[in-house]
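Following are the structures in question.
Below, chain A partners chain B and then partners chain C, in two separate complexes.
Then we have the complex of A and B:
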């Protein structure tokens, strides 16, 4: 038996991230006593290095390595790049948040980095074991992050809920994977696709496998009817961790969905398409209706996130490269918008108040009209009102789903979009039309966060005026 | 295009950039905000006049065209151009804008920069709606416009402003999303989002009917037509004066514009099949909403309902064409109805704007809009009384004012199509006169009703100039509408050909 040394080149960013994270993990224990923010800066630096490594060797075609279990392609690289960029934002917001909440610790950043490593592995997975590995690296990091504030009962409850349900979802996923393996005798995505296409696998076992895999993925994405954990966890977790779960992790979850459904199971499209249609319809409706009565902004964003995932899945239903590209744009746009929304909450949070109730935003226009305007951008972008980028994201998925012949789904989606508009408008209403309870001016915790929030929110408008490059980038990566 | 100068882009972006500047630099600098808004509005108006002066009225094709790639993946262009149907509406927008800015001058005291900024940005977006020739671009302007209006009504409006503004936003948003789906469907049939390509594309009847209905929902909400009109009285009553003026004078016209730009040319066969629906709804608007107007005790509500009734003439005038072709055998007779509808749009822009400004003048002094709180106003405000009676007469359709021309043309066309249509439409001459003149009697005429009325000040110089400008416009259009008709002649003729040529 001869042993071929695999090419490590495609995995350089992940290897670098692992190395740097390990170094930071050790170093944190040493330098955290003397330099409070050393770990933070090292974290940002590590992400910067990984981002540069990605860019310097940006994939133009698909490369497989590690016996075909790891893939590097432009689809993955684009998503990874956005994960890195968004994570840099997340950490910037997190640092201020942790300081305000008085539990600043270096571990937050190292755990965060491990989570990101898991995400990158998920994005590049090309067999089920690697996929599972990435998923678990990410999930374990997040479980711990949610529970980090040990004294807070809500956070502990959220963590436990997340852990138990997450484990259940993973169980479902593994069960499904084992069936698929049983039917096809391979865990490699492309080989599995070939076996299924050849028709030699048992249809019944495959169908069972698909159902369980889709349920597992749906759990992770937080779609109806597997969504019950989402609002509680979002609300209970420290906002910095909610930010982490609601943005970067969503991109990774989408990548996982794409890799499994499109690369491993294209032959079973009829099976998973039907499942996804049901999940999508439920997510759109529940996400639109239940959100109407939320008073907590984090909960509101959690439920609205369910509706957004519903929109994203519309692109998957189209089941063609155009549809996947539209879904890809949707998840990226959603992540950026959610970063701005949670970032706004963090920028305004103080030791005394989390600033996560809708009522906290009362009369924002009187207290800080610039931030009110930025929040207005975020809300209208989420509602899908032009000229903000959220509009194009919605138009593209609707376009693809109409092209695929599901015009009725498109109509359902736009009707739920109108319902959803109401609760985004409600936030705008509270900011602009209500009198503040406390009319003292309010400023973000630091100048840096003010700039960050402004930049990301303004980006929603700028991208909306010039959406062409983002659209072309994503469409070309899957063409 | 004049010497290759992108005049339409200038008209769109000058106010938007001006508005953004006011928003960012005008904090606590009210006079800066006001003067910048006024000068930018005047500059935009003057620039828009070049559209008129260098307009070629002998052709129906698009003029001042600008076209550049915007989103190449989907063949979406930044594509602007105007013809005889849209050019007058752009002028109406830039003209009204100056009055809107002037009307708020001493009235708005809170966050002036946000108020002015919102109106300036809104103006640019509204011009964009009339100038866009790419359907996605059109949709972007159409929807984006709701954002500043939402803020204007909700922030500077009356007691129930939040309810009114949410209703306004959600109704309009609900209507337009179906239009978006229709655009996307059309894109897959034609391979482009260009409105002109949509015009030229054949479509099966079933598809046409669905698209027609999608457009109908979008435009009927905007016009607004019975039974989706209920947002309008709420929005009007609660909006600040300038908001009402923009709503009535310009935003409602977008519904009518949508019918001539989209429904009739893109789905002519469906329009022919379903014209009875539009005609029936328009007649209900004219007659029933007219009666509803009569029962109002709030002046703004009365004018809001009368707007719905007047817009009924616009929609019926546009959809009479099929019946006229059937009875007379030629589309030539329908020209009068169509041109009447277009003139009615412009004229209603002036008159409704003027009516709301009048109410605004009274409201600023008395802080009530109840008809019963007034009486004998003309005794203490003679100049105001003069203008009020003039505009009210125009609203009732008195010959010699602009209100007469459009309505008369549409009624004549209606008689040509079907005597019953004509008869019902003509009831407006009675109903419209009744509610308007009855309001005039109760508010302006008679003895001075109470002490507050006795203390009223007549128009100041600013208000006088606003009113006089509008009065000139109303009378001029009433006695000499020929230039306006001439501008739209070729475009209307072309539209009638498109509307009567089957696309099956």
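Then we have the complex of A and C:
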């Protein structure tokens, strides 16, 4: 029995996050009675510490530890850093939302932190068991967050739908993983890639496993035809939780997709590429067409999210490092834009109204011209209008997919992008050219939120004017 | 067919049939009991596969603890079976079709021509392998990361369950113990000395007599 104690150094951010979360979990019961916001500040502080730890020894090369079940590389570090940054924004918006909705509770933040821990674990996973555990930690936290507002029937319905369908999806994923394990006799990503490359594994069992794994992943990403839960859950969940699911969790889901398809199954590229092409075409079309008739802004963003995931998958279809980097940029940009969009809804939501209908934004320009301008930034970035960053994200994935020889897919993507521009511009039109029903000026619930929304929306423009740093960062990490 | 195979087929049939009963019986208590039978027969299969530890743990933990607890919960809940089954008959044909299609697929791929005993020869083990040891050592060494994460998952499960079921009552309706207050309390807060004459004044006595 010769076992060497593994190096804990690469996993320090995760260890710190788990420790701090556990402390906050216990401390919350003590201090929540006296200091209402102590848990919130502790949460932000914990995230800040983890972010600093990540930055302080930023990975430049791949390190494996815990017997090859944990990987630290610059791809993972960039995604983790964005997850942490976006989560800090999420919690800031969430606090105000919870206060307005009158269900402010410390558990929201501890469960949120556990979910983030699950995301970090997923990003760093290097075998299927770790990937599965990270996914489950994240999902369990989200199911609970959705159901936390017990008095709201819609939220409970959303939670139950999400839970049942999510369990089904993980079942599919696990079944696929067991097939892959049966064919290759390993669960570690790099070893599985080696066994598949050597050709000793049974092809039929492998492709059977790939189908189930891709279905499970597609379910978690919310792509067509596994998208039925997305609009209902986004609409039913409290906006703070929608924000959580639609931004940080999407980055983690992308990391999962990359780790499984590219690191474990590069030998089966022909199999999964064909599946992803079908999923992408359907997602692009459904995401563009069904969104046209949505009146609820959260529902609209849910369907548009499906279309955005379709764009992201274009990068995966290219099946080369350039394509993966483009997809990585796309998911980061999408997460930031969605943060701004849902943040806007939260900033304007009051106890009396959720402010999530498109009609609520009628004549926004006359009620608060600054916020209307910020919302215009967000919508333009989502639609992919230059000079906003959304434009570059779309250009990059389309360029990569054209270079990989799928010109027809690129044409389809551009057509759906034009269709989807209609509903983004419709929000802008409603804000600027419609008469408001109620012309009293409207202010965000707090000044802090006004600054936050303005900052994130302005970031879309600034990144759009200077996109090179983000692009080189992502391209270098996967080169 | 060897004796081992004969036992295996008996146990496997039992597991499959009782599994079918779990989802088809109307009474949830009976369903839970059928699930116990599924576990027991699966434990038997594990014993045949020389995984004694897993087999015994399945019986001890799942049958002995989890299912008993589950039975208590099911018995305490007043579940209206008719309403649960309402959607079932409606989607019955579709469900059966899907199940059959998936079964056919799985049979083709995982069937005897790929994972049969001729293809996958069971490893020959010498009698001295300790099942418990060969699970415990990797669990606490190579798979320690996964082990810790599984613990975190359970912790999240506990937090989630408490979050969803705890009903906080306001401090006015519940008497909480405030230890700070209890420690800081002084005699003067609890006990008030009132100065009084030892006997009633004469004037008062006269008034009472008048009444």
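Convention: the second predicted complex is superposed on the first by the 479 of 479 C-alpha atoms of A that agree within 3 Å, B and C clash if a C-alpha of one lies under 4 Å from a C-alpha of the other, contacts with A are read in each partner's own complex, and residues count from 1 in each chain.
Rule of thumb we're sticking to: a residue touches a chain if its C-beta (ideal position, glycine included) is under 8 Å from a C-beta of that chain, and two chains touch if they have at least 3 such contacts.
Predicted model, so just to flag it, every value in this text is computed and none were measured.
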Regarding the shared-chain residue A:148, is it in contact with chain B (first), chain C (second), both, or neither? second
Let me test your reading of the model: by the given contact rule, A:467 touches which partner, first (chain B), second (chain C), both or neither? first
Identify the partner contact of A:202: answer first if only chain B is touched, second if only chain C is, both if each is, neither if none is. second
Partner chain in contact with A:415 - chain B first, chain C second, else both or neither: first
Have a look at where A:475 lands relative to chain B and chain C in the superposition and call it first, second, both or neither. first
List of chain A residues in touch with chain C within their complex: 1, 3, 6, 11, 18, 22, 25, 66-67, 69-70, 105, 107, 110-111, 114, 117-118, 121, 127, 129-130, 133-134, 136-137, 140-141, 143-144, 147-148, 150, 179, 182, 202, 204-205, 208
Write out the stretch or stretches of chain A touching chain B in their complex. 365, 369, 373, 376, 380, 385-387, 391-392, 395, 398-399, 402-403, 407, 410-411, 414-415, 417-418, 421-422, 425, 428-429, 432-433, 467-468, 471-472, 475
Sites on chain C touched by chain A in the complex: 105, 109-110, 114-115, 137, 141-146, 149-150, 152-153, 155-157, 159-160, 162-164
Help me check something: in the complex, which residues belonging to chain B touch chain A? 23, 27, 69-74, 111, 114, 136, 139-141, 143-144, 146-147, 150-151, 154-155, 161-162, 165-166, 169-170, 173-174, 177-178, 180-181, 184-185, 187-188
